[in-house]
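Next up: some structures, all given as C-alpha cells.
Here come two complexes built around chain A, the first alongside chain B, the second alongside chain C.
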Partner chain A sequence: MSKKNKHLEIQSVAGSNEKREKLIGYLMALPAVVLLIAFTVYPLFYLFYRSLYGGSIITREPKFVGIDNYVALVESRDFGQVLRNTAVYTIITVGLTMVLAIIIAVWLNGKRNSKLNNIAQTFIFTPHIISMVSVSTLFLWLMDSKNGFINSVLVALGFEPYTFLSSPDTALLSVSLVSVWKGLGYYVLLIMAALQNIPTSVYEAAEMDDTPPLRTFFKITLPMISPTILFISVVAVIASFRVFDSINIMTGGGPLNSTNTLVYYIYDFAYTYGKPGQACAAGIVLLVFVCIVTYVQFLVGKKRVHYQ
Partner chain B sequence: MSSISLKNVTKAYGDVVVIEDLDLEIKSGSFTVLVGPSGCGKSTTLRMITGLEKVTKGDIFIDGVRVNDIAPGKRDISMVFQNYALYPTMTVRDNIEFGLINQKIPKEERNRRINEVCNIVGLTEYLHRMPANLSGGQRQRVALARSMVKEPKVFMMDEPLSNLDAKLRAAMRVELINMHKKMGTTFVYVTHDQVEAMSMATDIVLMDEGKIIQQSSPSELYHNPNCIYTAQFVGSPQTNVIDGHLSNEVKLGFRPERVRMYEIENGINILAKIATREMLGAEIIYSLETQYGTIMAKSDKDLPTDTELKVGVEYSHMYLFGADTYRIPFTEELKANITDVFGGDKS
Partner chain C sequence: MNSNNQAMDKVKTVIDAILKIFLILVMAFPFFWMISTALQTLKETLQVPPTLWPASPQFSNFAEVFKTIPVDIYLKNSLIVCTSVVLLQFLIIVPCAYSLAKYDYKAKPVIFGLVLLGQMIPMQLTFLPVYLMFSKAGLINTYASLIVPFISNPFGIFMLRQYFMQVPTEIIEAAKLDNASDFKIMFKIMVPMVKSALITIGLLSFISNWNNYFWALIMTNSDAIRTLPIGITLLKSSETLDRWNIIMAGNLLLVLPMLVLYIFASKKIRNAFVYSGIK
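For the complex of A and B:
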C-alpha cells in the first residue's frame, strides 16, 4: 500500500515538474509574443477594421462604410496604374538583381582567395550598409537630367543626355536601377555563401564526366543553390512591393504618377489626402498580393528547389 | 585496356614538393593499388593521372599518348571518389546518365548501358531515388555504376570503401575483384589499408613520402620485401626487426608467423619468455621477452603466459637489412655471424 502511494507520489512530482518546465517555456516566449501581438498582429487586424470605416484622420468617430473604400480603390483611375507600376518595378528590380547577383557571385566564387575578390566584394557590398535615404539623395544628383554627373559624362562623350527621372517613360526604370545597385551586394553575399557549400568533389565529378561549363552551371550549380535563390526571390519580391524611401525622395510618385507604387500610394492617401480608410484598404490589398505571390513562389519552389 | 606511365613526375604546391621525380608503370589490365600512409602522395598521384591535379614537372602517358594537356573528361578515365561525389540534385538514373549525355551518346545506347550496369550493381529498383534517400552502400553502387557506364579505358578509385562498415567493405572487395575480372579494364585504386591492397591487387605500389618504396605483386611484397618499411607495412603483427647485434649495423628481420614455438634445425633458437598472449581463434599472438628485446610471434600452439622456452627461426625465413634499412643478400658470412650471435641449431 505504502509502496503504491510512493509510486503515485513520484509520478505526480514528475508531472508537476513537467508542468513547471512548460510554464517556464511559455514565460520565456512571453516578451516576444507580447511585442508581436502589439506591433504586428493587432495592427494587422486594426488595418482591416479601419479599412471598413470612412472619415479623415481627425474624425473622432469614423462611420462604418462597409466595402466602400475597396470599391473606391477599384474605381479610381490611379489605383490600376499604381498596381501596374508596382508590378513593373518588382519585375525589373527582382529580375535584374537575381540575374546580376548570380553572375557576380559565381564570378567572385571562381576567384576565391584572390585580392581582386576581396576588393570587389567590398565594393559590391558597401551600398547595402548605406541608408536608402542617402542613396536616393545621391542618385537624385547623379541622375539630374540637366546638371547630373551621369548626363555630364554622356554629353562630354557626345551622347544625348538621358531623361532619367524627368520623363514618365524612364523614371520607374531609373528608380529600379537604384534599388538594384543598393541591394545587389547583400544578395551576392548570400549566393556566395551557398556556392561555397557545394563540395568541390561534385565539380570534380562533373569534370571527369566531361561536362561543358554552361551545363555544369545549369545542371549542378543552379540546382544546388536553388534553396537560396528561392529565399532571395521571396525576400526581394516582398522588399520591392514595399518600396517607399527612394520613391518619396527621388520622384514623389511622379512624373504623371509613373512611379507611384503601392506603399507610396498608401502613404499619400493617409497623409496627403487624409483618407485613412482608403489607405488601409490599399494596405490590405498589398497584404493579399504579398501572400499570393509568396505562396506561388513556394509552390514553384516545391517543384524546382532541391533541398538536401 | 590501357597502360599508364608516369615519367619524372613532380608535384609541388608552392614551395612544398609533395612528389619528386616519380616514375611509375601501370600495366594494362592490372588491378594496381597505390597504398601507403596518409600524406604519402598516393591520392595526388591518382589525381594527376585523372588530370584533376596538374603535374608541376614530368609527363604522364596513357597508352603511350602524353595526356598532360588533355582535360580530365577527355582522358577516357572514370573515377570513384571517396565521398562518392554524386550529384545531389539528380536522381540515381540522371547521375549515371549525366556523363553519357555529355559524350553525346544516343538515347538507345544510353538506355542499354544503364540497364546493363544497374543489373550488375543491383540498382535497378532505385533508379528514381535521390542520392539523399540511399544508404552508404547504395550510394557507393551509384558511384560505381556512374563510372562503369562510361566504359572507360581506366578505372580510378580513391579510397572508395573507407566510408562503408566492415562487413559491407569485405563484400565490396569481392565484388570489385569480380568486376575487374569480368571487365578486364585497368584499375587504379588508392587506399591506406594494407588488407584492401593485399586482397584485391594484382600489382601493389607501396608509397611513402612521395616516393615509391616497392612495386610488386602482393605475394612478392609479402615474401620478398625490399626494405624494413615494406616488411613492416604488410602483415600483422608487423615484422620483427632485431637491431644492434650483428656486425656492420646489419638488422635481422623475420615475420611473427615464422617464429616456431619450439627448437628447430637450420636456423637460430632464442631463449624467450611469454609475456602476453592474444587469442585470435585459430592462432595466438604472443609477445616474447628475449635478451634481444620483445619479439612478436603468431602460432597455433597454445601455451600459457610466463612459459620459458626456446623459439626457432629458420634461415630461409630471415630477411637481412643493411644500415640504410634496404634488403641485403643472405651470405654465408652473415649466416655465420647470425649463428654466432643468436646461437645456432639445437645440438
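For the complex of A and C:
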C-alpha cells in the first residue's frame, strides 16, 4: 500500500468515527426528546389548537369556532374575577413570603443563639416537603370556624372568631396564609445560601466603622442579595399562578367564587362543565403569563450572573 | 459601663431566644396538632376548649382509617408510582444528559432548548391535552398515565449535564483507547462519578411524586389506581360529620414517610432544594 493511500484510509476511518459519534449522541438523547415532545411541545400546540374548537370533552369531532372561546372568556364576568383573584393571591403570597423570608433569613444567619438557629431552620423547612394535600387538610381543621384550634384560642382570649374560609372577604387571604406557611422555609433557605456568599470582609469593614445594624442591613446586606431576591420572587410568582391543590381541597373556588383562580378555573371548565375549548383558551392565557414572567426571570438571571 | 453592656447583651440574647422559640412553635405546632388530633376520640375533638393531648391515645383511629378507605391499595399504588418514576427516569435522563455534555452534533442546542422548555412549562398547563391524548389511547386510569409523563425529568437532565461536563474528557478518551463501548463508558465510568447528583435527583423526584395530587386527580378514577394523596382527600369527603380524628390519622399516614425521610436526611434534602432553587 502506498503512503498516500494509507493516509486516505486513516482519514476515512476518522470520518466514519465522527459520524458514529454523532449517531450515538443522537441515539442517547432520543428517548428523552421523544418524551419531552410528547408531554411538553405537543400539549402546547394542542392547547392552542383545541382552544379554537367547541364541543364537549367526549365530542369526537368538535366544531371549529375560531376565537369564540376567547370572546366567551372576555365576556364572562367570572373570568375577570378569576384573573383578579389570581393577581391578589399572587401579590399577597409572594409579598408576604418575601418580606418574612428576608427578615427570618438575616435573623437566623446571625451569630446569636446559633443552636436555636439550626433548630429553627430545620423546622421552618419541614412543611415544604409535605404534600399540599396534608397541609391543606390540616389547616382546614385548624381554621374550622366552630371547633378549629385557632378560633378556640381567639374565643378563649376574648376575641371574635375569625371567618377564615367561610366568608368571601377572608377566604382568599386564608388560602394565601397557608401557602406562605408552607413555602416560607424554602425561600429562607435560598436567601440564607445567598447571605453566606457575601464576603465577611464587607461586614468587618462595617463593624469597624460602627455602622448601626439596620443601616448595615439596608446599605450592605439587602443590595448584596437583591439579585437573588428578584430571581426567587419571579419563581414564587410562577408558583402562585399555578395554585390549585389548596383551592380544590380547602374552598372549591368558593365562597361565591372568591377563591376561584386560573388553574382551578381551567380544571373546573374542563371537568365539571365539560367545555375543553374554553378551558384551553384560559390555558393559553396562563401560558402567556408564564412566558412573560419567565422572560423577566431570564433578564433578572442574566443580571444576576453579571452581578456576581 | 462594661458590665452594663454585658447585661444588655444577655437580655438581647434572651429576647432573641424567645422569638426564635415562638417561630419554631408556629412551624411545629400544626404538626403537633395533627398528631394529637389523630389520637383523640371524636368527643375530644369537639370539646371547647380543645384538648391539647388526648387522655388516652386512640390508636384504633388508624384501624378506622383502613376501614373507611382502602389505604393499603393507595399506599401500594403510591409506592409503585414513586419507585417506578425514580428508577425509570435514570434510563432516560442519564443518556440524554451525557449526550448533551460530551457529544457534538448539530441539533444539540435544540435539544437543550427542549429541556429548558420542559422545566419552564408546568403540568397545570399540559394536563388537559395529555388527558385527551391518554383518553384516546385508552391509558386513563393506568399506572402508565402516572409514571410516563415524569420520567423525562428535565430538571434531572439539566443537573446531570452540569455534572457530566465537569468530568474531564481525558477519562473518556482513555477508556475508548481500551476499546470500551460508549454505553459501557457511560454506565460503568461516568455514572459512578455523578452519584451524588443521582441521589439528589432521586430524592427530589421521590418527594414530588409522593406528594403529587394534581396529576393523580386528573388521571385516575378508580381505587385500583388511585394514590395516597387522592385517598386522603376522599377520606375527608367520605366523612359526612367530619370525624377530624380519623381524617388526621389518615393524613399522618401520608406525612409520616416524608417526615422520617427528612429526619434522616435533612441536610441532604435541604441542599438538594437549594441546588434546584438557584441552579
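Criterion: the second predicted complex is superposed on the first by the 257 of 308 C-alpha atoms of A that agree within 3 Å, B and C clash if a C-alpha of one lies under 4 Å from a C-alpha of the other, contacts with A are read in each partner's own complex, and residues count from 1 in each chain.
Methods note: a residue touches a chain if its C-beta (ideal position, glycine included) is under 8 Å from a C-beta of that chain, and two chains touch if they have at least 3 such contacts.
Quick caveat, the model's predicted, so the values are computed rather than measured.
Bringing the complexes onto one copy of chain A puts chain B beside chain C with no clash. Of the two partner chains placed by the overlay, neither chain B nor chain C lies in contact with A:Gly183.
Applying the stated contact rule after C-alpha superposition, one finds that A:Pro31 touches chain C and leaves chain B untouched.
For the superposed model, the angle subtended at the Cα centre of chain A by chain B and chain C works out to 90 degrees in steps of 10.
When the two structures are aligned on the shared chain, A:Ile104 is found in touch with chain C, with no touch to chain B. Using the contact criterion defined above for the overlaid structures, shared-chain residue A:Gly253 touches neither chain B nor chain C, since it reaches no partner. Contact with chain B, but none with chain C, is seen for A:Asp209 once the two complexes are overlaid on the shared chain. Using the contact criterion defined above for the overlaid structures, shared-chain residue A:Ser134 touches chain C, although it does not reach chain B. With both structures placed on the common chain, the touch criterion links A:Met224 to chain B but leaves chain C unconnected. Note on chain A: of its two partners chain C and chain B, the one contacting more of its residues is C.
Here the smallest spacing between CA atoms of chain B and those of chain C, following superposition, is 7 Å. The intersection of chain A residues touching chain B with those touching chain C, taken from the two complexes, is empty. Contact residues on chain A toward chain C in their complex (touch as defined above): 21-22, 24-29, 31-33, 35-44, 46-47, 50, 57, 104, 107-108, 112-113, 116-117, 119-135, 137-142, 144, 147, 149, 152, 155-156, 181, 185-186, 189-190, 193-194, 228, 231-232, 235, 238, 242, 244-245, 248-249, 263, 266-267, 270, 276, 279-280, 283, 286-287, 290, 294.
Touching chain A in their complex are the following residues of chain B: 50-52, 71-74, 77-79, 81-83, 85-90, 98-99, 102-103, 132, 146, 150. Looking at the complex, you find that chain A touches chain B at residues 199, 201-202, 204-212, 215, 219-220, 223-224, 226, 306, 308. Remark: chain C residues 12-13, 16-17, 20-21, 23-24, 26-28, 30-31, 33-34, 37, 45-46, 48-50, 91-93, 95-96, 98-100, 103-105, 107-108, 111, 114-115, 117-118, 120-122, 124-126, 128-133, 148-149, 151-152, 154, 157, 182, 186, 207, 210-211, 213-214, 217-218, 229, 232-233, 236, 244, 247-248, 251, 254-255, 258-259, 261-262, 266, 269-270, 273-274, 277-278 touch chain A in the complex.
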